[in-house]
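What follows is a pair of complexes built around chain A, which joins chain B in one and chain C in the other.
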Partner chain A sequence: MSVKTSKKEVEMDKLQNSVQRIILMCSLAAALRYWLMLSKYQSVIANHVEVSTPMNSWKRVSEGLYLLSRNIDPYSGDLLHETPLSLFFYKVLLNVFQQQIHWMFITFDLATGILLFATARKYMSQLYKEENANKSTFSKDALQYLLKPTDLIKSPFHVLLAFLFNPFTLFNCVGYSTTVFHNLFLSLLLFSMVLGIPIIGSVSLALSASMSFYPSILIIPISLYHINIFKSVTKAIIDIIIFIVSVSLITIFCSHYAKDFGYLKNVYGCILTVPDLQPNIGLFWYFFTEMFDHFRDLFIYSFQINATLLYLVPLSIKFRKQPFLLTLALLFIITVFKSYPCVGDVGFVLSLLPCFVHLLNYCQQGFLVGVIFLIASSLAPILWYLWIYCNSANANFYFGVTLAFAIAQIFLLTDVLFAQVKREFILEHGKERKVNGEEGILCLE
Partner chain B sequence: MQFLTCATYLIFYVNSVLTYNSDTFTEELLIKPLYSEQIYAHFQFTTKWDVDPNTETFNHSRIFPRALGEIVKRYNVQELHVSLTGGLWRYDSWGYPVTDAAPGAEVWAWFKTDTKDVNKNWKLLANSLSGLLCASLNFVDTSNSVSPEFSFKPTGVTDSPNVNSSYLSSGVSGLASLLNSGYIHNTRYHSVALHLRPVCRDETCQSLSLELQQSVSLVYDYLILGTKNWSLRKLFGQGVTRNCILASRSEIYVDTTTSSTHSFELSPPPDDVVTSIRGGHVSTFGKYNVPNYFLHISAKYEESQKLAVVSPPSLYASQYLTGYGQERGGIVTKLYNNHWDNLNVVVLQNIPWYVPIYLHTLKVTTDGVNNEPITLRYIPGIQRERPYYLEILLKLPPKSATAVSIDFDYVFLKWQEYPPDANHGFYIGSAIISSHLTLARNYTGLPQDGSTITDSFNASRSGYLVQVRTENMVITLPTPDFSMPYNVICLACTVVALAFGPLHNITTRRLVLKPKNNEKLLFRLKRKLTEFLKK
Partner chain C sequence: MGLLTDPGAGQGKFIKALLQYYSKICIILYFSGIIWFCALAYPPMNASTYFSENALLPGLVKSQFHEDKLASSFHNELLDEMKKYDNSIPYPWLLAKFKQIGLDTYTHNFTLYSPLNKKEKYSGKNVYGILRAARASSTEALVLSVPYRPPVSVHPTTAPSIAIMLAFAKYANKEKYWAKDIIFLITEHEQLGIQAWLEAYHGVTCGNENTLDHGDLKGRAGAIQAAINLELHSARIGQMDIKIEGLNGQLPNLDLFNLASKMCAKEGLYHTFKNKGQEYHRDPVKEWKYYFKNLIAMVATQATGIPNGNHGLFHRFGIQALTLEGFEQSKARGSSKVGFVSIGRIIEGTFRSLNNLLERFHQSFFFLFTPLFRQIHLHCISSFCVMLCRLYMPAVCLIAGALFIKSCAKWFKFEGSTNEEKRENTHEQQEITELKVDKIIFIFLLTHFCGVLIMNLPQYITLICDQYNYNASTCIFYTLSAISAVFLLLPYLVPFRTCERSMNMLNILCMLELGTVLICLAMNNFSLGIFCAAVSVPVALLVNPTSCRYYSVLQRILWLLTHPLVVLTTVVLVNTYLMFPDVKQKEIISRGLDATQQAIVYSIVDSMIYGNWMFSVVTSIFIPNWLCFWCIAFSDIKKPKNLLTEAKKTN
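The block that comes next holds the complex of A and B.
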């Protein structure tokens, strides 16, 4: 009896301890954000093209809200690319927060962090349970590579840490980019996915899909999660149905609020056809600046298919047993190949990586990727300044940096996926790499 | 058949004989020494044709240019105003011109109410005008035109900077003989304009007439002339050879109002002295009737000159860009009200689509204090389709300077959308500030109901419409590297391929353990190299 209570006490202690840590981290992160937001650096950060794209800049939202307040249709021009629902959402939020924009962004960013923490915690424990249950099928000498109980405690904190103190997400929040809200819906989606709640998951998926279109492909990993982890096909079907219903409800609301369907051209037309060629960290802007007009459509189609459908099916088949990894991979691909990516998207995906601590041993390009990330993110603002303000560099310099940044993300993604393949192989066949007693090498065939 | 043709001919003949007698042509030249170091010359050629503009076919005309008539008929134009201008009119030191004109080209037209597709007709009209006037007005279309609500009655206003000005001269004799291109381009400011409108035939206004004003405004600088003692020969290269035979009146007016402070003597002395009292402002003019022989006028200034306190006109404006770099900027329009009373003004901004403005950043401050616009009309622009149209009705307090500022972003265009000289920059047209002044100080404009300079004498009205145009502005948009399309396409596709390769491998192949024999050449070399280095 006493042992039991002490165990409970220890758990309570642990819980209290972790809650304390979360509160400490959150308040530190909030203080850091608040300080940056009130400092002169706020406008500098918000004005950077890496942070604010035409899709997510708060300046355009303010313009839209202002036009709305003057009874001018904000979708009659082409500055605003947010959906009417988002506009309505921001209007309500601004009333709730009494125009305290910074607190609004900080609150949502912290909420995203906490949701990601909870997601990671749940996911890690699921993975741990699953691995323990399948222990017998693994090779004997590979058991040391299984998840350890300490990982279950540490990784979620690393996720929280990576989200709250990652300069990418930090700048994203300080720069008042609406990706903050987008990230919240994504994290809500991940949270409900690992928890197996279909309604919240599909609704938040529908919301984030309505905001930026690309996440709609995440319906596949969500369904796979229900099918393969919770072994429930009905849940998956319910999920898809709710997704479709909520997308149509959102569309109806939007068209009602904007009084017509003109917003579709401004929001999805802009995302898909890339008429605004303002530089960002993605691949589209310079490519379509320099594109010959008669090939434009062809390349728009191929780039958009590349960002959404091309890898969807093969990855979904290959990683159907690891839908969470599949989600990460798809998020990564969207971030690299979407038309208007920003550092907020990158930061969000990067902060999920500590969930895959078990793959760390098999990653080979961590150093390379880290160095490219570091160099690219420090060079980008410098070369931008040289090009736009000093006229001593030109567009090619900045383009080079964005290429390097994209390459780093691609390397990271392929490294993680390859690590998963290798880990599976080693868990199955053991760590020995001997073929008929001779040294062997692992290769894809 | 033969008879029918004859009859038709006869009818047309009679018709044309009737129309021949119904048009009048007057030519006038106003020379006005400005208080500053410039002299202003304004040629006004007015054709008034007593026909109903709604029914006239423009098949026959005498003085009225038929080429213009055909265009007007074809595109259902009711009123047409075109001006091609080089240089900037300095309102603050020169006062108001007889006709306002924006730097560059400006076209505004009013189409008849039964016009089906105004936008189409507008585009076609601009194209026809560009052919007629040899100006690049063909760049005028809906992507750089707006339909103002307050500033103009008519439908379109536009600014296109690529001007290649040439002029519809009404003949080589008469005052037009003074227009020699070498001397026109030797000026601080030159503007040719064409204004076509229907007017009342008489006071009862029972029937309409068509009025065509063609004008040339020139501002010479004494510094360029080399002396203050001007003469027709110094200004235009030659004197007037004789009056125009077709003209019913052919007159030259020299404004002698400045003579009280900067006295000069005219030779030959004017035929007549006209005193005009207009809006509480007295001006005197020396009048010459151009004879049917050679006329040369010159002015000689006296040595001792008094200093004159010149008060600037009641309303003038200027416009400039703020910010640095090629990322974000602002447009500031400064309006100066020197009047002793409030002035209501309409500010019209036609901002091209490549300068996206943010309405929420619009700030109107009068001497540092916020000045809320009375009314505001705004139609946001669309990239490559429609400019930003902003029209603000403001009340300017007496003796004040008001700044209207708005922020914009620099946009990035496709590489083929840049002009051949991409780093020359892109133009932002001038703002147009309209107001009704109660005083006619510095005002030389024609009254609404008048068509000649003579009509403006003693023409006191309740208000004097001024339309002040500000400077054009040039912004240099950030440019891509125009030599790189292939490289960019290749490099970006390489990155896509970098993702495709490994993802394709991971998803379609299986991981297997292979014996490590058949050491490859490269590996063998590498091993040997490391062994060698170890030694």
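The block that comes next holds the complex of A and C.
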């Protein structure tokens, strides 16, 4: 009896401890964000193209809200690229927060962080249970590579830390970019995915898909999660049905709110055909400023297929047993190849990486990727300044940096995916890699 | 993706070679960077100069300026007028002349609240006239500016340049071909006046708020395309020096420089850069030596980030500008002096060429260095890329690359090996090599916080000094030195000084930071970048967490020598020695220390008024980085135990 209570006490202690730590971290992060938002750096950060793109700048949203309040159609010009639903949402939020924009952004950012923390916790314990259940099928000398109980406690905290104190998400929040809200729905989606609740998952997926289109491909990992982890095909089907229903409901609401379908052209038309070529950290702007007009359609198609469908099928087949990793991979691909990416997207994806702490030993490019990230993110604002203000550099330089940034992300993703393959192999065959008595090496073919 | 998924990549041949030879690679990289930089001065290493902007059509028109008598009479009148105004600008006379000529004439008032003492207030007045272009609406403009210097000024007079400017304005006003407005600007208080005028013209504030009140302009022309600043010290000119270095090491477009030198050559005027003309040597070594001296002179000026003329403040606004400084005495033997006619024709030619510009200067982007006079490297065809990447950046990248290589080698040595070891035998190694990530990050952030503290210190010190009526400039200097000395104790706060792995991790972080900062710095101000790289990198490469006591003392002493304050003092002392070679050593040291104090205070004031980022960059980035390395130099690692036991066994 006494042993049991002490165990319980320890657990309670741990829980309390973790709650305290979360509160401490969140308040620190909130203080940091609040200080930056009130400082003179806020406008500098908010005006950087790395932070706010035509899709997510708060300036455009507030302009749109103003036009709406004057009964002018905000979609008649080339100004606003948010859906009517998001406009309605921001309007309600502004009322709730009584125009305290900074608290609004801080609250939503912290909520995203906590949701990610919960997601990571749930996911890690699921993975741990699954590995323990399958222990007998693994090779004996590979057992030391399984997840350890300490990982279960540590890595969710690392996820939270990586989200709250990541400079990318920090700038995203301080720069008032609406990616903060997109990230919230994405994290809600991840959370309900690992919990196995189809309704919340599909609705938040529909919301984020309606906001920025690209997440709609995440329906596949969600369904796979239901099928392969919770072993329930019905849930997957329900999921898809709810997704379709909620997307159509959202469309109906939007067309009602905007009074016609003109918003479609300004929101999805802008995402898909990329008319606004303001530079950002993505790869679209440079190509399409250089492109001859009669090739434009062809390359729009190929770029968008590259961002959405090209990797979807092979990755879904290869990693169907690890749908969470598949989600990460797809999020990465969207971030690299979407038409208007910003640092908020990158920060969100990067903060999920601590969930894959078990793959760390198999990753090889960590240093290289880190150095490229460091150099690219410090050179980007400098080259922007030299190009735009000093008139002494040019677009090629800025594009070079964004290209390096994209390459670093792709390296990272490939490394993580390959690490998963290697780990599977080692768990199955043991750490000895002898082929006919000689040291063999693993290759991907 | 074969490169990525190659399983041997982690501990493959490449990494093994790197681990084995990295120190040699670092040495080779460093010296090749230095050699590359030195070789830049050798003419065959540079492409020869030519105009990349065809629209300029330099010197193709027949010069018609002939108002030299008018200029002389203006000069005499002005000299008389200046006697009446001891310490300010004779603006009624200037206004009257501008109006007589027929320009739109305005004055501009500005006020400076001294950043070190809020009670002190200086005010000044600029005078400018705008010649409205006959052939275009006022969308584009050119500037001809002259700093006005009263008789009490320590600088040599510029009265002849005002005279020639007025004469040229009179001449230009009659001509029909102007497609751009010309602004004739006479500024007061040297760089303050031009800064205030530019801020008012563009409606922005570059420095701190409430320091320079730039006032308002009543008349404007279009976007300024180019500016020429005239500083003629005599009515007869024997030598024309072209000055280009601007604020924060920015440089104007090469075409403008070439244009000015071509115009001088056309009028037969001996023109120089850094007080050195073009020389031909048969011996390539001598030739290289000569040009290398020029290169070093330019690097020295550019690295300070302080403009060497009023042109330097235009660059920030994307305006190409340079200064023509005319001296009566010429260094060249047998060269003739020219009068107002030729100078007027130089100005006329330059402005008529600029008038031809169809778009902003854009072809030859960076004007980096001119070690040679006519042989300035710049290639056309959107060539900034080619030129910057091919000629200059490799020098810095090679040197910074040494840091990346070393950190990469260290990473694989410690991180790679621990991963392997973990796989081999998990339990034994882990306790010793536990990586204290949170503490490393804490120390890293703490040092940067110290840097930010130093950066913001001057503002608070001036506030305190205001209250107690201390002299702010001496206060700032002594507080900064004291605080720097206190921060030297920082290594004793490091909790993991005995942990080799953590110290190495910190070392890797610092090296990456330093390398990145050097590259970023070189993108903005190449000279400063190469100077910092050449000074700090070799010592930074030597700093290692070590268990050897002698080595650790040595690296502490060496690293102390690269402290920004020590480097600054050394540079200033050397400079003083070169300027006054005859003075006694004691005198030189005391003068040098005074000058150091002045330099620090001026850099702070400059950052507050002009937005010069030298002080901010050094305090917020270099000092924290320096402190991190300093902590590493104080590492206190125990000798590995197994080695000791092995040694015992052999005994």
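By our rule, the second predicted complex is superposed on the first by the 444 of 445 C-alpha atoms of A that agree within 3 Å, B and C clash if a C-alpha of one lies under 4 Å from a C-alpha of the other, contacts with A are read in each partner's own complex, and residues count from 1 in each chain.
As a convention for this text, a contact is a pair of C-beta atoms (placed from the backbone, for glycine too) under 8 Å apart; a residue touches a chain by one contact, two chains touch by 3 or more.
All of these numbers come straight from a predicted model, not from anything done at the bench.
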item: First, second, both or neither for A:287, with chain B first and chain C second; value: first
item: Which superposed partner A:383 touches (first chain B, second chain C, both, neither); value: second
item: Chain B versus chain C as contact partner of A:375, first or second or both or neither; value: second
item: Partner chain(s) touched by A:418 [first = chain B, second = chain C, both, neither]; value: both
item: Chain C versus chain B, contacts on chain A by residue; value: B
item: Which superposed partner A:276 touches (first chain B, second chain C, both, neither); value: first
item: Partner chain in contact with A:144 - chain B first, chain C second, else both or neither; value: second
item: First (chain B), second (chain C), both or neither touched by A:396; value: both
item: Which superposed partner A:314 touches (first chain B, second chain C, both, neither); value: first
item: Chain B versus chain C as contact partner of A:337, first or second or both or neither; value: first
item: Shared contact residues on chain A - chain B and chain C; value: 389, 394, 396, 414, 418, 422, 441-444
item: Residues of chain B defined as touching chain A within the complex; value: 324-328, 356, 358-360, 376, 378-384, 388, 409, 411-416, 478-481, 484-485, 488-489, 491-492, 495-496, 498-500, 502-517
item: Contact set on chain C toward chain A in their complex; value: 1, 4-10, 250, 315-316, 318, 360-362, 365-366, 382, 384-385, 404, 408, 411-412, 415, 419, 422-423, 426, 512, 516-517, 519-520, 523-524
item: Sites on chain A touched by chain C in the complex; value: 144, 361, 364-365, 367, 370-371, 374-375, 378-379, 382-383, 386, 389-394, 396-397, 411, 414-415, 418, 422, 431, 441-444
item: Contact set on chain A toward chain B in their complex; value: 47, 59, 62-63, 65-67, 70, 72, 74, 76-79, 275-279, 283, 285-293, 303, 306, 310-311, 314-315, 317-318, 333, 336-337, 387-389, 394-396, 399, 403, 406-407, 410, 413-414, 417-418, 421-422, 424-425, 429, 433, 435-436, 438-445
